[in-house]
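In the two complexes that follow, chain A is the common piece, with chain B as its partner first and chain C second.
Up next is the complex of A and B:
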C-alpha cells in the first residue's frame, strides 16, 4: 500500500473541517466468495435493482452503494464487491476489511467447490480481525438453476448453523421466483431483502440469529422457491418496509 | 497540470531513451506520419526509435493495419516465424484453466458491439488457448484476473498466432511483475503512484493520504493497461500503442496524470476512503487521451522512476519489469525489416531453428532468477542452433554487449 510507506502526520482537525456537517450513517458490508459465484450480480441487483446484462471479472474491488431508509433514518449501505481470485485477497483486498460492519459470504449452489471454499473465506475474515461480533450471513446464489444444484439446502444449513450464520438461498438473476426470470420487475426483491436484513441487524445491533425459523427446511430462508411464500421469511426479519 | 513545468526534455539515464519517445512531435499531418512509419519499417535495421516515437505521439499508430506491422517490432517479434496455433492439449492439466475459462467466457464486453455471437465465441475460444499457451511456455508466470483483458486486445488486432508471440514477450517483460505467485510486486509498482502525485501536487497528495484511499483504485488500470475499464476499444488501442512503446512503469504515470487531471473533483469529494475510491475507480469515458499521454511523458522525464525510488524509499523490492527493461530495449535495436525477415525465415526453414530464433537471442542475454529459460528443450542444442543462425549476426553482437553487463556467467553460456 502506498500509504504504508508514506505515512504523513495530520492533525485530526484537518479531516473534520473537510466534512459536510450532516452525517448519514454508513453501513459498510463486504461481499466475499469464490470467483464466479455471483458477488457482482448480487451487489448490482441491490444497488441498481436489476440483474446486470453482462458482468465481467472483478479486479481487486468494486464499490456500490445505495441510500435506504430504515425506521425513519437515512442510511447509506456500502457494498464492497471483491475479486474472487485468491491472489487478490491475499495482498490487495485486506485494505477493505478495515472498519467493515458486516460480511456476506457467497457460494454458488450449482458449484460444490465454491461451497467447500467457505471455511477458507471464514478463516480469511478471522485473520483480518473480524470477530464473530461482526454480523455475517451466508448466501447461496443461483438457485434459479434448479437442475444443476450441487449444494443441498440441508448441508448448507448445517454449515451455517455451525458458524452461527443465517443462510439465504436466492438468485440474483431471478430473486422473486423460479423459471424464466420474468418476475424480475416485481415489488418484493429478495436480494434486496437480504441486504436490508443485514442493515436492520446493524441498526438494531441485536443478534442476527434466528429465534423462529421461518418457512423452508431447517431454518433456511429460501427466497427463491415460491414467489408469494418467500416474502414471509423476509418479513419475519423485520424488513417488510423495504 | 498547470503546475507542471514544461522544461525541455532530456534523454533518460539508460543510454537508450527510457520511454522511447523523449521528444514530442510537432503536430504533423497524418500523411506525413504514415510515411514516417513506413520509412522506419523498411529501414535496416528497423528504425525502432521512430516507431516508438510515432506510437506514443498524437494519434498513435493510426490504423490496425499499421499496428499489425509496428506492434511486433516494438516487442521484437518476427512475424514470419510465429508460434503455431495451440493444439487441444494446451487446455489439459493447467492449474489456471478454470479461472481463465471463467474470466474469458464472461468477457463479452471486450468484443466489438456488432460482432456476431458465433464469431465472438470463436475468438473467446482462441483467447483461452493463447492465454494457456503462454502460461504453459512460461511455468514461472501466474495468471491473474485482468490478464485476459490484455490478451483480448492483442488478439483482436493481430490475430491468434501473433498474439501468442506478443503476449509471451509482454508477460516476460512489461507485465512480469504482475505475474508472480503473489501480488507483492504489483503492489510495489502501485507504490510509485503517490510519490508522483506528491511531486506535482502536494495538496492533492495529502488529501488522498488523509482519505486513506490507497492505490487499489488504479490496480485494474495498471494490470490491464486500462483495457478493463475503457468502454471504447479505440481508446484502449491508443493507450496500447503508447504503452508498447514505453517504459513498463508508464501506465502508473498515466494513472497519476488521470488523478491530477481530476484534481478538483477529488478535492471536492468527501475526504473518505470509500468516496474517493468510488470517484477515482470510475474512469471518465471522455478523458482527453492525447493530452494525458503527453503529460504522462512529461511526468516520466521530469520524475523518472529512479528519482522517485530514491525519494520515496521504493527500492526495497526488486521489480523484474524495471530491471530487465534496458535489456529488452537493446534487443529491439537490431531487427531486420519484414522483407528481409521473410526471405531469411524462408531460407532458414527448419523447425528447430524456428523455436530458437523466435526469441532472437533476447532470452539468452537475460538472467532468469525465476523460472526456466528455454522450456523443456535441450538448452545447449538450442543455443548452438541459435548461434549458427546466420540471420542473427547483429543480434549476437548486441547480446554479447549486453552480456558484458551481466557478467562472465552469461558470457560462458554464450560462447
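Up next is the complex of A and C:
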C-alpha cells in the first residue's frame, strides 16, 4: 500500500514502472560514427522495425530499447544512439562508454570522409572502453545507394580485418535489398540480424562479465574469469566472420 | 553731221542780211534774236542726235583703242581686216569663254543656291528635331524627377528594410544565444539521463550479481541454513555486506557473518524493538478493531461495548482558531483535528490526555474534514482552498494535493478500495480520485451542495442542502436512491457494521436509517436544548452502534441511546461556544468534542 503511494509521488520521474523483471539482462550497445551516417536510422530501424520518416541531429544521446528473446531468455538490448556532431556530444563521452557491452561503429558507404574518420572513433573507444575486450563491429550504412558508393567493400573489409572487427554492409532504409555484405543476405531484415548477432554473441560469451562487480569488491576471480572468456570470444568471433 | 553743219551755215547767212537794214543795231539785234530763237528750237531737236553721236564717238574711240592695241602687234599696217577679224574671232572666243564662265558661274550660283536651300531645309529639320529633342528632354527630366522620387521612396524602404534586417539579425543573435542555452540544458538533461541509465544498469547488474551470489551462498550453506532458523530472515539485510563469493573464503566468512549479524542487531536494536512493539500493537489492535492479516480494504471494527463518557479528562486550546473537525484513527491512539487556522494537528491519546504529536500544514484554506486511512499512516483532509490533501504521518508537507473542485471541499473520505478517495464539494459535484495517478477519475454532478459523504463498499452516500440523502453506486456512477431529510443535512456517519446511517440535519434532529431496509425504517432523535449549531455540525454513532453523540450550539455534548431512543446523557459546561464536531474512538473508550472557540475536550467514563 505504501509502495503504491510512493509511485504516486513521483509520477513521471523515473521509468521505474517500465523496468523489466529483474531477471532480464540488459546489453548496453553504443552506436558510434560520424554525423549523418545513419546511426539514428539504424537504431530506429532495429527498435521500431521501420525506417524513420525524418530525423534530426541527435543531441547528446537517445536511448532505444528492445526486448528480444534469445535461447529462451529475455534480453533487453539497450541501444545508445549517440550524437555524431562534436558540439552535441561534448562531456557525454564518458557516459557513453561506461559499462558498455558492445560498440557499433557506423560509416556511410557513400561518404569516404566518414570512413576515414573511423580510426579516430576507434581511438576514442580505446581510450574509454579500455582496450579490445568489448566486442566491436563495423557497419557500413546506406548501401542501397549503389550508384554513389565511395567506400568499396574490399577496402572496408581490409580495415575491419586490421582492427579485428566483423564488417556488415547494410541499409537502414532498405535492408532487404542489399544483403551482400559479409553477412548472409537471406535474412528478412538485415539490420535486425546484425544487432541480433551482436546480442547472441554477448549472450554466449558474457555470462559473467555482465555482472561485473564494481572495482574494489572481493570478486576478483569472477571478474578475471569473465574477462578472459570475453577476450577470447571477441577474438575468435572477429576472425570467424572474416 | 553734215546736215547739221549745213543748217548752221544757212542760219548764219540769214542773220547777216537782217542786221544791215534800218539801223545797223536793230535789225542786227532782230536777226540775232531770230537766230537765237531758231537755235533754241532746233537745238532741242538735235540734242538727242548730238548725245547719241558723242556716245558713238566715245564708243568708237574705245573700240579704236581696243582694236589698235590688238592690231598693232601682228600687223602694223596692211592686214588690219584680217587682224580685226582675228580680233573679232578672238573677242568672240573671249566672249564665248566669258559667256561660258558666266554660265558656269550661274551654274555654280544655282548649285550654291541648291546647297543653301538644302541647308535651310536641314536647318529647319534640325530645328524641328531639336524641338522634338527638347520635348523629349523635358519628358526625360520629368522622368528623372519621378525616378528620383521613386528612388527616394525606395531608399526609405531600403532603410526600413535595413532596420528590419538589423532587428532581425539582433533577434537571430538572441535566438542563437537562446538556442545555445537550450542546447546546454538539453545536453545537461541528457547527461543526467545517461548517468541515470548507467546507474540503473549498474544497479540492476549489481542486484543480479548479489542475487546470484546469494543463491550461490545459500546453495553452498544449505546445511547451515537449516541449523539456524533466523538465516532466512537475516539474509536480505546482510546481502549488501556479503560481497565475497570466493568459495575458499566461505569458511572464514561465516564466522564474521555471525558476529556481524549480532552487531547489526545490537546497533539497530531500537528499531527492532519498535518494530516488535509495532507488531504487538498491531496484534492487540487486531483483536479490538481489525486484524492486519485480514483484508485491509474494509476493516470491520468490532467494539463490544462503547462506554458512555461522563466527564472531561482533558480540556485544551488545540488550535489558533476555531476547530471544524475531529477524527480518531482506527487504532484509537491518534486523533486528528483540523481548524480554520489551516493546519491539522495530530494528537496522541495516552493516559487520558492529548499529547501533540505532529502538525500537518500545506493547506491554504481552513480544514473542513479530516480522516485517517485504515492503517493509520495517512491523513486525508478537505479544505476551503478547493482541494483535498493527503499527508503521510511522518511528513508534515502534503504528499498529494487533489485539485479540481470549484468551491470549498466539504468532505473527503477514503473509499473502500484504499487507493481511491471520494470528495464532496460545495460546487455540487462528487469526485472520485485515483491516488496512484493523483488524478480525478470520475466526476458526479449532483443537484445540490454536498455537505458530507460516507463510503461503503460500492456505495457513496452523500448528504445535501436540498434536504436529501443520496445513494450512489460507484460502479455505475448513478444515483440509486434518494432519501428525504427534514432539513439541510449537515453530516453523515456510518456505523461500524455499515448498516446504520446517521444523518444530522439543521432541524435539530438526528436520524438513523437502517441501510438494509433503507427508507422504511427511520428513527429520529431529538432532545430538549439540542440545537444544531452550524451547517457542518458532525454527529457520530458509537463504535458498538448503541449510542449517538452530537454537539449542540449551547456547548454541551448530547448522547442518545439508540435502543431506547432517549437521551442518555448530556455533558455540559466544558465548551463555551457551539460544538462543531465530535468523534468517538473506535475502541469505545473516548469521545472528543471540538468547538468554534479553539477548544478540544477529551471525554471518558473514568
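One rule holds in what follows: the second predicted complex is superposed on the first by the 167 of 242 C-alpha atoms of A that agree within 3 Å, B and C clash if a C-alpha of one lies under 4 Å from a C-alpha of the other, contacts with A are read in each partner's own complex, and residues count from 1 in each chain.
We adopt the following convention: a residue touches a chain if its C-beta (ideal position, glycine included) is under 8 Å from a C-beta of that chain, and two chains touch if they have at least 3 such contacts.
Because the structure is predicted, anything quoted here is derived from the model rather than measured.
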item: First (chain B), second (chain C), both or neither touched by A:48; value: neither
item: Touched partner set for A:25, first chain B, second chain C, both or neither; value: second
item: Touched partner set for A:120, first chain B, second chain C, both or neither; value: neither
item: Which of chain B and chain C A:91 touches, first, second, both or neither; value: both
item: Chain B versus chain C as contact partner of A:60, first or second or both or neither; value: both
item: Contacts of A:78 with chain B and chain C, given as first, second, both or neither; value: both
item: On chain A, the residue positions that both chain B and chain C contact, one per complex; value: 1-2, 5, 7-8, 14, 26, 28, 59-61, 63, 78, 87-88, 90-92, 95-96
item: Chain C-facing residues of chain A, complex; value: 1-2, 4-5, 7-9, 11, 14, 22-23, 25-26, 28, 59-61, 63, 78, 80, 87-88, 90-92, 95-96, 98-99, 210-214, 217-219, 221-222
item: Footprint of chain A on chain B - complex, ascending; value: 99, 102-103, 106-110, 142, 144-146, 148, 181-184, 186-187, 190-191, 193-195, 198, 206-207, 209-210, 212, 214-216, 219-220, 223-224, 228, 270-272, 274, 277-278, 281, 312-314
item: Sites on chain A touched by chain B in the complex; value: 1-3, 5-8, 10, 14-15, 18-20, 26, 28, 35-36, 54-63, 65, 78, 83-85, 87-88, 90-92, 95-96
item: Of chain C, residues touching chain A in the complex; value: 183, 186-187, 190-191, 193-198, 201-202, 204-209, 211-213, 243-246, 249, 296, 375, 377-378, 392, 399-400, 418-419, 435-438
